[in-house]
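A quick write-up on the structure given underneath.
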Amino acid sequence: MTELLNVQGLSVRFSGLTALDDVSFTLEEGAVRAVIGPNGAGKSTLFNAISGYVTPTSGSVHLKGRELTKLTPHEIAEQGVRRTFQNGGLFPALTVLENVLTGLHAQTEGSFLDILLGRSKALKSEAGNIHRARELLKLMSMDHMADTRAGDLSGGQQRIVEIVRTVASDPPVLLLDEPAVGLSPVARAQMMEIIHRLAGEKGVGILLIEHAVELVMAAADRILVMAAGARIAEGTPEEIREDRAVLEAYLGHS
Amino acid sequence: MLMQLTLGGFAQGAIYALIALSLTVVYRSTTVVNFGHGDFVMAGAFLSYVLVVLAGIAFLPAAALAMIAMFVLGVLFSKGLIRPIRGGPHIGLALMCISAGYVLRGIARMVWGREVLPMPAVFDMEPIFLGDLVITGDAVFIIGTVLVLLILFFGVLALTDLGKMVQAVYQSPRGARLIGLNVERFNDFSWGIGAALGALGGILVAPVSLLHPDLGASFLIKGFAAMTLGGFGSLGGAVLGGILLGLAEQYAGAYLDSALIEITAYVVIVLVLFIRPQGLFGRKAVVKV
Amino acid sequence: MPSARQRQLRTLLFWAVPALLLLLPLATNAYTQFIVNGMLISVLVTLGFTLVIGNLGQLAFANTAFFGIGAYASAILSAKLGLPWIVTIPLAGVLGALGGFLASSAALRGIRSYYLAIITLAFGELMRWAYLHSKPLTGGTDGLPLPREAMFGISLSDDTLKFYIFLAVTVLLVKATLNLMRSRFGRAVMAVRENEIATASLAIPTARVILVSFIWSGFVVGCAGALFARHVGHVFPESFGMLHLIASFAMVLVGGLGSVLGAVLGAVLLTALPEYLRAFPGMEELFFGLIVAAVLVAMPMGLASLLRRLSPIFVERYYREES
Amino acid sequence: MNKLTSLMAVAAFAAAPALAQDAEWETQGLTDDAITIGVMGPFSGNASSYSKALIGMMAYYDKVNEEGGVHGRKLVAVQEDTACDSAKGLAAAKKLISQDEVFMLQGNSCSGVALALRPTIEEAGLPWIVAHAVSDSISTPLAGNIFHGVPTGSANGRAMAAFVLSKPDTENVAIIEHSNDWAHSYSNPARDYLKEQGVEPTAELTMERGQTDATAQVLKLRQNKPDFIIAALYEAETAIFLRDLKKYGMGDIPVMGTAGTDLENTLKRTGDFDTVKNYYVIHSYVDNLDGEKMKPWGDMIHKYYPDEELSTFSFVSIGSAEALVSALEAVGPDLTRSKLIAALEEVRDFDTGILSDPITWTPEDHQGVKGSAVAGFVDGEPTVLKAWGQPY
């Protein structure tokens, strides 16, 4: 399998506090890697450091050999590492379709001037994107909601739309920040299905933060366990289930 | 000349400090910046005029009555117009404040639009000459009143139970709600205090100035500049910022060019926000992007 | 969503309105024509304003500054450099855009919300001070008269001629702004307002979106300033003070925050209304104050939201599906 | 006028004044028993205190009407608000001209608005008597239909400077002013006059509207020790400036103010005679405001506007109204706009009984009032003066 993401010795320190301590791992095409750990373990910091919202103190992130470490969030997204947000990153006042279209921003052709003048180049590209967005929504059986305000959707629907928006541009790497939180069992199953399909059919490399253990165990090929900013264990779900350090980390905090 | 300018700067700065403080009181508890505050200041001045000149009440009781009236107006404004749109975008709140100010100004204009009103001098004391320095009754009166008020204000805040409660709310409104404090009512109260303090600014200016409905506009900007300079949200900073702005105006006017007095406040705002957005004492005034 | 037929109807409506307006001078006298011309200017000012405070969600009050910059640019370029006025319109727009760039530089330094409001207010007043104290260029307090000029053999003091020029500029800029809003750019602008952090995660350069919004707003309002310079024929510093801000606010709000249709409606209505209030001088402040307060409480999304409920053809979507 | 024809004949539109001089146009706004007069003024906005200036004129119309009008016609004022804003003022003028179709215009207070109006009104061609705004550029260069019925800025400014220099041994003159068109319309001609007389102002200071403190300015003046100060400040700021001047021990320096202020109200505002005893103002009238010769005029205003608080503004437009009525009388019953303009240009040395200087309008010069008296306190009484120490 081709390596997509290569994280080497990533550390983040805020005024003396170490939020992320020398974390390294790789993510391959079609792989699902979960990151688990108690609250404050540094999972979100890891995501923020990879996606450019937090500047790492040391270490590096490469996508297919290209360095991402010094790039801004939108540049990293443009390179093909896209993420969702724990608290939901949808734009509530925009419709579902508009939300998905924002995910295709960088894929739309036409300069500012083309847009201003309504030139056909910009219009054609826009029409193509609208078509694509509708197709994607149809795949998720969300096409009937295309003109609903995103803020009016249920929590589960919002999560799905956010994922549709995030994968609309076919990014090679996807960072999912607690995609199943607050979802009903049915919606969880649907989310699992989506994750499987993305990884299995499209070969997307997925990095997943999740608290729902059964989802993690079922979805992930490998699991990275963190505590206090550092990696304490890594392995397949089976290995992790047996790992003493993991048990201690969890028991010690609960 | 330096001493004289300093005294004049303190007298002007005391008024700015009062206005900045009253803006800050509202801002700290409600996170709303009252863009109509200048007109609250004007309304205070006009009310005291009505009570002194038209109703024949002595200045001090009239001032107290005007402040009480403005307190009530502030509370009503908070209850009636701010509460319904709380939690909405800042734009709505800013516009609501501006429109309230316009209503006050419109009323003043309807009644007094065509007259510029004089207020009888309050502290008609013979100026004291200390060598080159002239100390006037007005300056003593303004600085004295503001000083007493500040001591009272910060005293209450630091020493009484009420003050400690207020500080607790400033720290964490959610925590305050948890311990059973009625935050809504506390916000109404803050609006009242803000309006009353601002009105006092107007009342103090009234005898040394003349009254017209546009009186407030320049004070609003001065208040903003003082707040920005002292650090947004810092009560002590607002006071200090006001004094410094008063001094800066006087020095700039005398040593550089008198045309600069008018824009000192604007220049202060632009420079502070660009160079040191947190002001002298404030928390950082910028939103993280 | 509007059906294909409704979309056609909407396009038809969009062009029918200005087409019908071409006949308007038959029904007006010099006074009513002057008021209508003023409405067109207000439409542009409101449009530029609503883009920044409504769509982008930034509390920037630099609108009067852009307007003044545009008006003075037009007056100076025609009076001092002898350029034909019509040529100064886009140039005034460019200078207004420069003002927009300055305002955005504050927003991009993280000066947002109330701080942005205060610093942009200060910016506007500093500009006014600059007009007052740059006498050789701006005429200082005496203002700057625009030179007499004719186009097609008709004097530019003629309100009918001005109407056709103003109408053309307004339709062009409204159409361009609509194109903008119904493109990826328009969506990005809204996205920044809704959630700036999430926007960046979608490969949208948020800083550039903010910058370009301000620049376009400055351009539109700057062009409006050039129209205003010719509308009045004489530019004074007092025309660009804080007092004019409330009228702009009221127009944005009554029409509907962030709506192009709303900008047009609000500007037309609230330019006309004070003329009906002429019989009650001095009531304007009270009136605008009460209107804004009432709209904020009772109808926060303005008239555009009422129309939207009336018919889906008034629903503004941030994408464009050509039929 | 048929709108369609004018629209198609666009070229004719450009030549509107020429086209407009037809018979119908000549008597627009005129009936057998009424002459409609458009009265523009700042009835709202932050300069609305100047709308007082139009009261005297309208009271005079009422008086004339009560006495039977002019050749049987009543003078009907149609008021329009300019809010002292150029766009609003233009709308007001266009409304009066093309919607209300008034016969003529009289009034307007704000110079900026008047300057913005000038091209429109000049093109429209109907007579306009400027009854308060002072800027010279309103009536110079000559516009055939625009007449200035008050002393202009240059007349006032020169009168101010001349009075200042008429005080023996005046060498050191300082100027303090607002940075607005109103203040400059006084101070610039005063500067010019001083320069002609070889006097260079030693200090030029600004004090903005709304400032409540003049310490910095006064301290600068204290270092400067001027013999005379020219103050082009509004009422409120004048009072503050004088008060601070006295506060800092400079109450003995004479101060020359504009026609925008008067002694009586300045005294009322400062509440202290010592503060204003060395204050002089441009005073375009024959007597002090509560003097014997002004009393009938004050009574006239109060007859029709009982609640009016009298100030120097209240009287300013009466003189031009008198001149208008005399010209209307001279034309006779067959009134037309052209005849009125011709009659106005015949007004020579017209003594209004209220303005200190007579009104003269000639075909070459429409600035009717060439000078102005000054008022100051003499022995504690407001007194009209011709020059330093010389009563009017």
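Going in written order, the chains are labelled A, B, C and D, and every chain counts its residues from 1.
Rule of thumb we're sticking to: contacts are C-beta pairs under 8 Å (C-beta built on N, C-alpha and C of every residue); 3 or more make two chains touch, one makes a residue touch a chain.
Just so we're on the same page, UniProt names per chain: A = Amino acid/amide ABC transporter ATP-binding protein 1, HAAT family.
All of these numbers come straight from a predicted model, not from anything done at the bench.
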{"item": "Geometric centre: closest chain by C-alpha means", "value": "C"}
{"item": "Most distant chain from subunit B, judged by the mean position of its C-alpha atoms", "value": "A"}
{"item": "Cα-centroid distance, subunit B relative to subunit D, in whole angstrom", "value": "38"}
{"item": "Centroid distance [mean C-alpha coordinates] between subunit C and subunit A, Å", "value": "40"}
{"item": "Mean-CA-position distance for subunit C and subunit B (Å)", "value": "33"}
{"item": "Per-residue multi-chain contacts in subunit D, two or more chains", "value": "44, 46, 48, 179"}
{"item": "Contacts with two or more other chains, residues of subunit C listed in rising order", "value": "133, 206, 282-284"}
{"item": "For subunit A, residues contacting two or more additional chains", "value": "none"}
{"item": "Touching pairs - complete list by chain label", "value": "A-C, B-C, B-D, C-D"}
{"item": "Touch list for subunit D against partner subunit B, complex", "value": "44, 46, 48-49, 51-52, 176, 179, 205-208, 210-213, 215-217, 219-220, 222-223, 235-236, 239-240, 243, 247-249, 268-272, 309"}
{"item": "In the complex, subunit C residues that touch subunit A", "value": "1, 175-176, 179-180, 183-185, 187-188, 190-191, 193-195, 197-206, 212, 317-322"}
{"item": "For the subunit D and subunit C complex, residues of the former touching the latter", "value": "3-4, 7, 10-11, 13-14, 16, 43-46, 48, 80-81, 83-87, 90-92, 94-95, 97-99, 112, 115-116, 119-120, 123, 135, 137, 179-184"}
{"item": "Residues on subunit B engaged by subunit D in the complex (per definition of touch)", "value": "1, 4-5, 7-9, 11-12, 15, 109, 113-116, 118, 120-121, 127, 129, 134, 136, 138, 205, 208-210, 212-215, 217-218, 249-254, 257-259, 261-262"}
{"item": "Touch list for subunit C against partner subunit D, complex", "value": "25-32, 34-35, 38, 132-133, 140-143, 145, 148, 150, 152-155, 157-161, 228, 231-234, 236, 238-239, 243, 275, 278, 281-284"}
